[in-house]
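Letters are used for the chains, namely A, B, C, D and E, taken in the order the chains are written, and counting of residues starts over at 1 for each.
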Amino acid sequence: MDLFELLNFYVIPGIVLGSIYALGAVGITLIFAILRYAHLAHGDLATFGAFVALACVTGVGVPPLAALPVAILVTAAVAVGIDKVFYEHLRERPKIVTVMASLGIALMLRSVVQVVWGVDTETYSRGIVRPEDYFGLRIRDRELYTVAALIFLVGGLQLFLTRSKWGKAMRAMSDNPNLALLSGIDNKKVVMLTWVIAGGLCAASGFFLGYNTEIKSMMGWHMLLPMFAAAILGGVGRVEGAVLGGLIVGIAEELSVLVIPSEYKAAMAFAILLFMLLVRPTGLLKGKVL
Amino acid sequence: MLELDQLVMDFGKFRAVNNCSFRVGEGSITGLIGPNGAGKTTLFNLIAGAFHPSSGSIRFLGEDVTGLASHQLFHKGLVRTFQIPHEFHKLTALENLMMVPPSQPGESLFSNWFAWRKVSSAERDVERQAYEALDFLELTHVAHEPAGNLSGGQKKLLELGRTMMTDAKLVLLDEPAAGVNRTLLRKLETKIEILNRDRGYTFILIEHDMEMIEKLCAPVICMAEGRVLIEGDFQTVRSNPQVLEAYLGETTGDVA
Amino acid sequence: QADVKIGLLGGVSGPIAAMAPAMVDAAQLAVQQVNEQGGIGDGEKLVGVLGDSACNPQNGTDAATKAVNIEGVSGIVGPHCSGAVLAAAGSVTIPAGIVMITPSGTSPEITGLDDKGTVFRTVPSDDYQGRALARTLKEQGYGKVAVAYLNNDYGTGLANAFKAEYADALGGEITQFAAHEEGKASYRSNLAELAKGGADTLVIFDYGDGTGLTILRQALENGFFEKFVGGDGMKSDAVINELGAENLVSFVASSPVGEKSESLDMFNEAFKGVGGDPDAIFATTSYDAAFLMALALEKAGGKKEGVAAAMLEVSNGTGEAIRPGEWKKAKELIAAGTAIDYKGAAGDHNFDANGDVPGTYALWEVGSSGYEVIMEMK
Amino acid sequence: MKALLSMEGLTGGYGDADILLDVSLHVDADEIVAIVGPNGAGKSTAMKSVFGLLTIRGGKMLFDGDDITRWAPNRIVQRGICYVPQVDNIFREMSIHENLEMGGFLRKGDLSAAYERIYTLFPDLKERYRTPAGSLSGGQRQMVAMGRALMLDPKLLLLDEPTAGLSPKYMEQIFQICRDVRDTGVAILLVEQHAKQALAFADRGYVLAAGRNRHEGSGANLLADREVAEMFLGG
Amino acid sequence: MELLGLVNYALFTAIFIAIYALLALGLNIQWGFAGLFNAGIAGFFAVGAYTSAVLSTPADDGRLGGFDLHFVIGWIGAMLAAALVAWPIGKICLRFRSDYLAIASIGVAEIIRLVIKSEEVLTNGARGINGIPRPAGDIGYTESQIAYLVIVLAVLIVAYVLVERQFNAPWGRMMRAIRDNEHAAKAMGKDVEFRRLEAFIFGAALMGLGGALFAHFNRSITPEAIDPMVATFLVWIMLILGGSGNNRGAILGAAVVWIIWSVSEIATDRLPHEYAIQAKYIRLFLIGLMLQLVLRFRPEGLLPEPLRGDLRGSRRTTKSGADHT
């Protein structure tokens, strides 16, 4: 197998898939680090975001990429709303209670998607898009957009977290919420901010999954486990880690068919994860630093 | 009874315990003092098996115990308290004490299912013993309160209570007095003396309360920056200029 | 006058959520036609009670129990997934003596059920279709093929049957034979693997509104393979809607039809009439299952006890032909005691002793107005 | 003179049981007030009640003219009260420096002078300012906690056993800091088990027992009281 | 007729609840008492179900065995196999922090699921195993359900008594101590690693048994049954809703959640006929919403973890509460 074949058919798809995972994993890792629970509705929130974008595309007729910001805003707002209505009053409770609540939210979101948009497979634009040739590398434009969006969104987020004092406030709150309050940090605002970020990234992740393939009501749920694996792989709380984890899971899944039967592809994320936990229990980058 | 030989503990680049060697005689109450961050607690963690020393060795009752896990050391007769209380927060105060005695029959699934009688009679003994300890520590009224709900001082007392629940040979006490009411502290001092005299327990005691050290401890070891600075009786240690400087503060050596 | 109820159990939520609505609608069409043309017995109304089997045994048995005991149905059409069929049959319908007819449970295990003759299906066991497709491809001069199949009972069953016939019996060459999990976002590396070995044709045993669509899309976009062949699961409207007919010139799919596809046309027209999509996966088998259930009920006089025996009588290849929608005619013939034989949209459904039907299939291609038959398959 | 902080007849507790029973106390500007009492008396609870960290069922609290009984904690901080809890008083996963940073979270502008002040007070901290606070020794944590509180310029400082676990040298130093801080016009309310020392340097003191006010008076008076000495100060 | 139907439905529901209660009980040992975040219930469930299926079905040449043994042997085998599988998993995974353990165990369960689905020689692959004998299965519908219910209830009661006994004994106290503060438990001489493994294996054995009971009831087991939603997350919801740390809570949770799960379908069927399919989606919403409501009003679970004091604890609590104030 020559190098270009390897790149074109295994590595590039892996990077694209990995970018999609990464967008979701960053949100998961933030929620994990700041609010300290596994948010199981993340996948379905991504589905929701993808369908909001679809509504813009089919309803208003804007091009898909223009629908992305709308989807991000709407999903972020919905995420904040969900938190206010359902998670907020569980904050003092053991975290597992919120995990269960998020499972319920996953069902509710899926139900909303299915009732409003139905269960049919949809696309943003009909037909197929063949890749362009860049010096032997075969890439579709939307794959470039996907990777660019990852760089842009996560880079911006990283800047925000490191440059503004909100990044620190988030860490403080995750470390010791009571003391954060006593230091004058408005925990409610921090939580809201977290949800805005996580919700927005979620929508981006769902959107790009749909943009690269199709939009289905169950697509987010199927992505949930690999995204979690990516978040943990990178080290909980580490934004760069989640990106790295997402890319590794994506590329490894694509490369895995070279060595194992393809029906075990889905196990790849976990195999890597288990292996990594054994050698480096804190994740690739040491966990729990934003 | 306990011999430390050239103990070293590194946390990354930071050396918390640096070539510590000393012996603790059977039946003594050794005081361990030193400035904050001197490495006293770390030393306890090493002795009790919570950390593995980077180098050096520990002998306990003539046996090399370096690298044994804490639960194994406990079964050899070594009990410790934590400086920052490690209570079982969802267990009641009473249960916190009742869980301590080693090798209870009820800890094996088999006896729970097939030898319940034996289990429950052992339970009654343990319970009585636990109530005695609570009474002594003036905690009876919170016996059924989850330990997480106790006040800071009560948690420290509970820590201490655990050491009373087992027949220990060596007891490591890490700042038992911090946050404890002085009137009660005087009572505790008496209790430690009794345990030492009548039951033959050996103690190592970390304290910043000079009154307590003076009253109970001989010898006294002062640590600084991970090393043993000086060892001797209380008066010698206290009048040592280095100790004065680093630990007690120049202005006054007497804080009582 | 009491209604006569039948349970329609479908995987409405769960992995085949996208397929279920059309299947349910097709079955409801049969119910509607029955009611429009005189109902059951003395004009009793037939009611289809929908239950969600969610494509797993837990929900499947639960839905079946509710249908049988709470709703008091006289027969069950469904469930949609083999696992749910096996479990619901084993724990509910066989003990309760209720007839079950599944439109999409393709597992060979269903054949061997110790069911006292109460479990039927209108979809042929995977075996028939896989082999028929293999023979047809061979005849059509397809050479080296690669096979990608969904790792569930449907995909595995078809793929294994296809392989047995194509490679082992007919001496064709299968260069790659690989299963995949559903729900992944990218199958390009799978495709790259499948392409190794130089096959120009990819055979996909999957669902055209699920993973199969993604695979087909990615294969087309990246120029893997020249020709594509699908099983009945791939003959879905979603494929045309999402990929565009112009991109599908080299795509063919097999799907069951009756000997004379006249039945199919009748169904197509009727289903379009109620806003349905006749090319939806398993729509025809679902319709047939419900219609057969109604016929059997009519024959048994609306009582569930006789349904199993009646089912064999209304569709065994002998008697006056009844086609989709011809309820009134059927009702009269039954009343007159004449033997009838249902010839359905998805085949003639001549049940064998196991309640299975041998399939008759056609090969379809994508034309200007959707799927069009190229040839009948044997 | 009008009190800076006053608690009037406060009753409340965690959950259903009342821990504080009709507790009243007040702190004037420019004074150090010490609370002493046996373990479990409700001293820490009284402090937490200022920040509304428990259910208050009776009484009210005034600070600088505002009724703060039901305010959100972060608002109270903004208003000028700073609190060092007895336990859990540091951010474990953050470095020493970041802990201080969080202390100054509400402050705008250049904080380097404030950092400098803390680091001169506790040179131990300066050396290791990037160490996560969770790996510090008990006494060092206490320093971080104090440092965090001193980063803000509050009007009132609440200290819950600030000297527990500190070496005699630092204990003296903390008391000295308290006096210095008071002299800059900040009132201090502190809970101490080093009761004799605390009462000796405090302006006034309260003795709490079993959730109620038992004694109050100037530090010297309380020290001289035989009953107080025997019951609460260790004879 | 109508009444008989209701009885049959109730019997069926009760059997399912009992099976799920067994799973929840197993999880309660692991999470409620040892604090082990096992999100791979489906894996042990599957191992149990398939083991018992292989042991008790007649020989079949497509796959492993068919040993045609008595169902009791199958069930014991299921427990042993689940325990055996749990042992290495626990050995490796229990050292992880709780959240990491969760994702690691989900991973292991997914791998188990894929193996079961793909390895035809072992498990007949995607088609599953069929024709598993149901004890007392040859009598009438209702009678057979009653008989099976009696059997599962008996199993459940035995399991409950054993688990409850063990929780109230020093064993349970020790496990809760380990859950609360591992370091202190070690310092107090408890062998934390061994004890965790013990709890993990014991819980897994119960899950395996639950799987076996499920397979025998349905007379078949297919990979579709080990979907994480119905075999893992549902059990978690049951335990947390019922009250983790409380065995009766676990059983009650299983009952309440399954009834919500099942009855919600009857409820949404009241929607107009045209919305029959949408009703099924709305049902998911309803289930999610009910979950939120219960969590809102009973966040500690329906039966919160009791304060397990000494043998006569509860009596004294009230007394001490009185002199406390």
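The rule is short, and it goes like this: a residue touches a chain if its C-beta (ideal position, glycine included) is under 8 Å from a C-beta of that chain, and two chains touch if they have at least 3 such contacts.
None of the values given here were measured: they were computed from a predicted structure.
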Original post:
Within the chain touch network, how many edges lie on the shortest path between chain B and chain C?
Top reply: 2
Original post:
More C-beta contacts across A-D or across C-E?
Top reply: C-E
Original post:
In terms of CA centroid distance, which chain is the most far removed from chain D?
Top reply: C
**OP:** Would you kindly tell me how far, in whole Å, the mean C-alpha position of chain D lies from that of chain C?
**Re:** 75
**OP:** Would you kindly tell me how far, in whole Å, the mean C-alpha position of chain C lies from that of chain A?
**Re:** 37
**OP:** Using mean C-alpha positions as chain centres, tell me how far chain A is from chain E in Å, no decimals.
**Re:** 30
**OP:** For chain D, jot down the residues that touch at least 2 other chains.
**Re:** none
**OP:** Two or more other chains in contact with one residue: find those residues in chain B.
**Re:** 142
**OP:** Among the residues of chain A, pick out those that touch two or more other chains and give their numbers.
**Re:** 114, 261, 263, 266
Original post:
Considering the complex alone, what residue numbers of chain A touch chain C?
Top reply: 5, 8-10, 13-14, 16-17, 20, 114, 118-123, 126-131, 138, 140, 209, 212-214, 216-219, 221-223, 250, 253-258, 261-263, 265-266
Subject >> Residues of chain B that touch chain D when the two form their complex >> reply: 11, 14, 34-38, 40-42, 83-85, 138, 142, 149-155, 157, 175, 178-186, 208, 210, 246-249, 251-252, 255
Subject >> For the chain B and chain E complex, residues of the former touching the latter >> reply: 48, 50, 69-71, 74-75, 79-80, 82, 86-92, 94-96, 98-100, 102, 104-109, 112-113, 116, 119-120, 122-124, 126-127, 130, 140-146, 162, 166
**OP:** Note which residues of chain E are touching chain C in the complex, please.
**Re:** 1-2, 4-6, 8-9, 12-13, 16, 114, 117-118, 125-128, 130-132, 134, 137, 140-141, 144-145, 214, 217-225, 227, 230-231, 261-262, 265-266, 269, 276-277, 279-281, 283-284
**OP:** Could you pull out which chain E residues touch chain A in their complex?
**Re:** 31, 37, 92-93, 95-97, 99-100, 102-104, 106-108, 110-111, 114, 117-118, 233, 236-237, 240-241, 244, 278, 281-285, 287-289, 291-292, 295-296, 299-300
